[in-house]
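Just passing along the structure, written as structure tokens.
Labels run A, B, C and D following the written order; every chain starts at residue 1.
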Amino acid sequence: MLKRINKLPFELLSPQSTGVIGPYTKPIAYVSPGDEIEVETWDCYGGAVKPGQTRQQAVDRGIKLPANPVTGPIFVEGAEPGDVLAIDILGIKMPERGFTSLRQGVSPIGLQVEQAKTRFSEIIGNRIHYVTDKGRTISLEADPFIGTIGISPLSEAISTITPGSHGGNMDCPDIQTGARLLLKVNHKGALLSLGDVHAIQGDGEICGTAVEIDAVVRLRLNIIKGSNITWPHIETLEEIMTVCSARPLEDAARLAYRELINWMVADYGWNRDDAQILLSLVAKARIAQIVDPQYTVVAKLDKKYLKE
Amino acid sequence: MLKRINKLPFELLSPQSTGVIGPYTKPIAYVSPGDEIEVETWDCYGGAVKPGQTRQQAVDRGIKLPANPVTGPIFVEGAEPGDVLAIDILGIKMPERGFTSLRQGVSPIGLQVEQAKTRFSEIIGNRIHYVTDKGRTISLEADPFIGTIGISPLSEAISTITPGSHGGNMDCPDIQTGARLLLKVNHKGALLSLGDVHAIQGDGEICGTAVEIDAVVRLRLNIIKGSNITWPHIETLEEIMTVCSARPLEDAARLAYRELINWMVADYGWNRDDAQILLSLVAKARIAQIVDPQYTVVAKLDKKYLKE
Amino acid sequence: MLKRINKLPFELLSPQSTGVIGPYTKPIAYVSPGDEIEVETWDCYGGAVKPGQTRQQAVDRGIKLPANPVTGPIFVEGAEPGDVLAIDILGIKMPERGFTSLRQGVSPIGLQVEQAKTRFSEIIGNRIHYVTDKGRTISLEADPFIGTIGISPLSEAISTITPGSHGGNMDCPDIQTGARLLLKVNHKGALLSLGDVHAIQGDGEICGTAVEIDAVVRLRLNIIKGSNITWPHIETLEEIMTVCSARPLEDAARLAYRELINWMVADYGWNRDDAQILLSLVAKARIAQIVDPQYTVVAKLDKKYLKE
Amino acid sequence: MLKRINKLPFELLSPQSTGVIGPYTKPIAYVSPGDEIEVETWDCYGGAVKPGQTRQQAVDRGIKLPANPVTGPIFVEGAEPGDVLAIDILGIKMPERGFTSLRQGVSPIGLQVEQAKTRFSEIIGNRIHYVTDKGRTISLEADPFIGTIGISPLSEAISTITPGSHGGNMDCPDIQTGARLLLKVNHKGALLSLGDVHAIQGDGEICGTAVEIDAVVRLRLNIIKGSNITWPHIETLEEIMTVCSARPLEDAARLAYRELINWMVADYGWNRDDAQILLSLVAKARIAQIVDPQYTVVAKLDKKYLKE
């Protein structure tokens, strides 16, 4: 049976409910392990920026833009602190268009922006029609993923614009259809929230936005007892990955590699030094984003190297 | 005609000659633009660590390990400050084995090393036979590249272990056969030096070494007048890339993306804001290394997006 | 009239109440602007580490150490979002002893710790009797200050070990008797919490602890309407200061200087460039701590330069 | 006997001679240990910016501004690699004026500069008459120090704008009259160079310049055999200090504290853990600058705590 979880109406979005991930927000849905669910999500501004409009025009009309409003919390029956929540991403349905916004001032990579822009791109099938200033249309292959997904910390309520060990705004393109995301449960029921889906994003998300969309995300949730992880893990058919967020960026990379080594030791019987050497030879790393309050790096290892 | 440039004998390696890249070292060869050359290079310790031996045993025997000794400087006739030196990498011949070394103490990613190790791997054809502590052989596909390659700064003599705008120890796997590396000329003759070839390396080179090899590298050098770059550029059939080195790591990423945007503006007619937005959607970034005195990031754009 | 606000009993300390600063915790006291209050505070472990005992022994006895438990929230009548809360620190009463703890593993500055230590120092009058491993007593002059003091963010509940624009665990020795601390109000009633008093601390707090004490702090609270600040400000008879927390440390310093320039422009009529030049000649900066989740820098200007 | 060492004439300043500190520059003077010398130094632009003129006007007139030209190298007889060079600063004679320059663009702390400025200040006795945009004169007490002072690395030639373990452009106000600076000798004769004296500077030197002056510096040089330091040390009557340069800034602070602990262990018999704890209670740290290619932190300990 497929359970549908709708997003809250725009009028009910608020910093204290849909603007944080934490233990103080009342669950909006209860699901059982193994259930397949469909979750409706808002785009990063709660749909407040309309096609044909710029972000600035919405602000000028007195609209208070919600920041990365999430759908949730979803209470997972049986999830207890110390467990791991396994989230299988089964599908992401995209809308007919998404937008990209470049804000006035100094951009995240240190460039003076000549002209603030909000640009809508049509999404047709799996293609994104991106139109440049000069009117040229570039067809991009969509690669949709969940930008913000996380579960409650023990006691903190963390802004939905911040990533961390609880997940959150990781902006990590590897959290896509076919992947399993693993998060350490800190609170009874896990309290999962998600939103901020991107139709496509480059490494670093350097102008601060991707192709921002609302979406419907299909998931299956399971609880794993007796596992032990610190930071988010991702598993696909081909790879194991760890996702760590920190500043400066090298600290995010170091944490991600240490977590990956711990995984190799715990689940695949490697000794630590050997794991470190192998990663020095064959690991991949992705800079997910360098624009949020903590920066995110994904460390990856092809599973073919793991089999003993 | 193929010109061969031999490496100096081990006895002549010295910090002041083969340990720096700068204007104070006398050229060992003169080549003309368009010449195809074959350059013999040392491994990162000048061959001082022998098969069956550990790095520490070499040190204990009183051998002073050279640090990334380079072959050069090679004087390119006609190269003047303000020009760009284009280096086409035509081939890299690997030896029969390479080594990987993990040093005692706290590793670059912050792990206490249980046991210092120097591990030799056989290279057969294009496969590297890496043997784990437990005696398992893992066959890795070689992906050889030039770890250290650079030209003289205007006045500094920079250690061959440091990367920078002059190139140097970038440890960037994209500097491989088929690529063209572009460096800004600061000194008459350019004064090219290279060494430290790696048979394979993971993103970050996290244990501090890759599969370290001596090699014979085939190159063609050309001079481009009237171009304007600040940091190293790489061009392949598919991509344009920029290679920047700094600390913290986010500064290297920001510099690489700014340089890539400058390239799009100068050579492909993009406006700056538009280039920044496109990269936010489709760019790729590689963490080349986080173990040298400056950290290195490569920003990349698929050429298919460039064509107007 | 002096109002006394007691700390919660140890049994009631919890991560969700005394372990975070945020809008979800019920006030424990209500005060009026102008009131003088006396607030009892816990030491950084809630008194769980007893004299003669080490931190590790407390942990081994199964005690869950609270992390920086605070006393609060204190609701200030009339405080509204957009106001500034002015906190005059009138006095700090120290107990008879405090402790310093160095934990096993790699210390925050990267040194392998030979032996974990918890060391109690007697406090007699204004002197701290610190005894070295070799049994030598060094008499330190106490310089007590409030390590953790902050008010509720708009929607986040932030761990009491983290500093930020809301204040929190700044570990800033300038927040001492005689100083006025100014914090931007985000939530009705401001919701002030404090704890983690230090009898003395060096710049950086490099081993992770200072001389940690419980204390009784006397304060007067006032509300300032129509002011505009982003980060915590401090004012004394001699200086104006700003306190910013970020990573890497240079970002904390840059933020603190920018906030100080804003202050000079807003309240003292300087133009921005001129303020920046003057600070380049005469400003002082303090590294408060480099051991918490964000690092803290204080930028300072002697008031004698401000008078027009 | 007082030996005078003159600066080179402006026409002879060049990037390869006075623009780097390294082993490739021919000594301009030879001195014996114990000699008192007087060294003439250039300001940071070699005097090219004249009173009444702005930096930009000098550039527009086609003058190539030298970057931190130094006077040297001075060969110290008997200095061998492994020794320590002790430099006693006996006096600094200031000229009648100095200048401060704020450049166009984004300033080092991230502010858009409204108007580039070069501002000359009169120096009368020990007072600096700084005049604001609004015509107000502020009298600053001069606190002159040597901004750039260093000795040759083993093989690198380092730009005079960069600080490091060899000294260089540390911009550290503690290198002033009455202090003894200690530098590790890497090259026969030590090869001392200096320049870039500042009449006064705030912590961080945030606009990129201080009150920049040419000067005459009186020094006495001595060689200490059998000592062992890695980074520059400073000793005064009251304090011992270490000066480390790195990025990010926290790495400079960590290095400085580790070097200070090493000093306490080596020369004062402390054990390492105990030294680390004491510094956590009483150490001071100064942010010297956050504008050069490496950032500089000074860690300090009052000598009264050292005596056993």
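Note that in this section contacts are C-beta pairs under 8 Å (C-beta built on N, C-alpha and C of every residue); 3 or more make two chains touch, one makes a residue touch a chain.
Quick caveat, the model's predicted, so the values are computed rather than measured.
Engineer: Using the touch definition from the top, how many steps at minimum link chain A to chain C?
Structural biologist: The least step count works out to 1.
Engineer: Could you tell me the least number of steps, going only between chains that touch, from chain B to chain D?
Structural biologist: Between chain B and chain D, the shortest chain-hopping route counts 1.
Engineer: If you average the Cα atoms per chain, which one ends up farthest from chain A?
Structural biologist: D
Engineer: Measure off the straight-line distance from the CA centroid of chain A to the CA centroid of chain B, and report it in whole Å.
Structural biologist: So the centroids are 34 Å from each other.
Engineer: What whole-Å value do you get for the distance between chain B and chain C if each is reduced to the mean of its CA atoms?
Structural biologist: The computed centroid separation for chain B versus chain C comes out at 47 Å.
Engineer: What are the residue numbers in chain D that touch two or more other chains?
Structural biologist: 110, 247-248
Engineer: Would you pull the chain C residues touching chain D in the complex into a rising list?
Structural biologist: 100, 102, 107-111, 113-115, 117, 119, 130, 132-134, 136, 138, 140, 200-211, 247-250, 253-254, 257-258, 261, 270-274, 276-287, 290, 295, 297, 305, 308
Engineer: Quick check on the complex: what are the chain C residues that touch chain A?
Structural biologist: 14-16, 19-20, 22-24, 154-159, 246-248, 251
Engineer: In the complex of these two chains, what residues of chain C are touching chain B?
Structural biologist: For chain C paired with chain B, touching residues are 106, 110, 112, 248.
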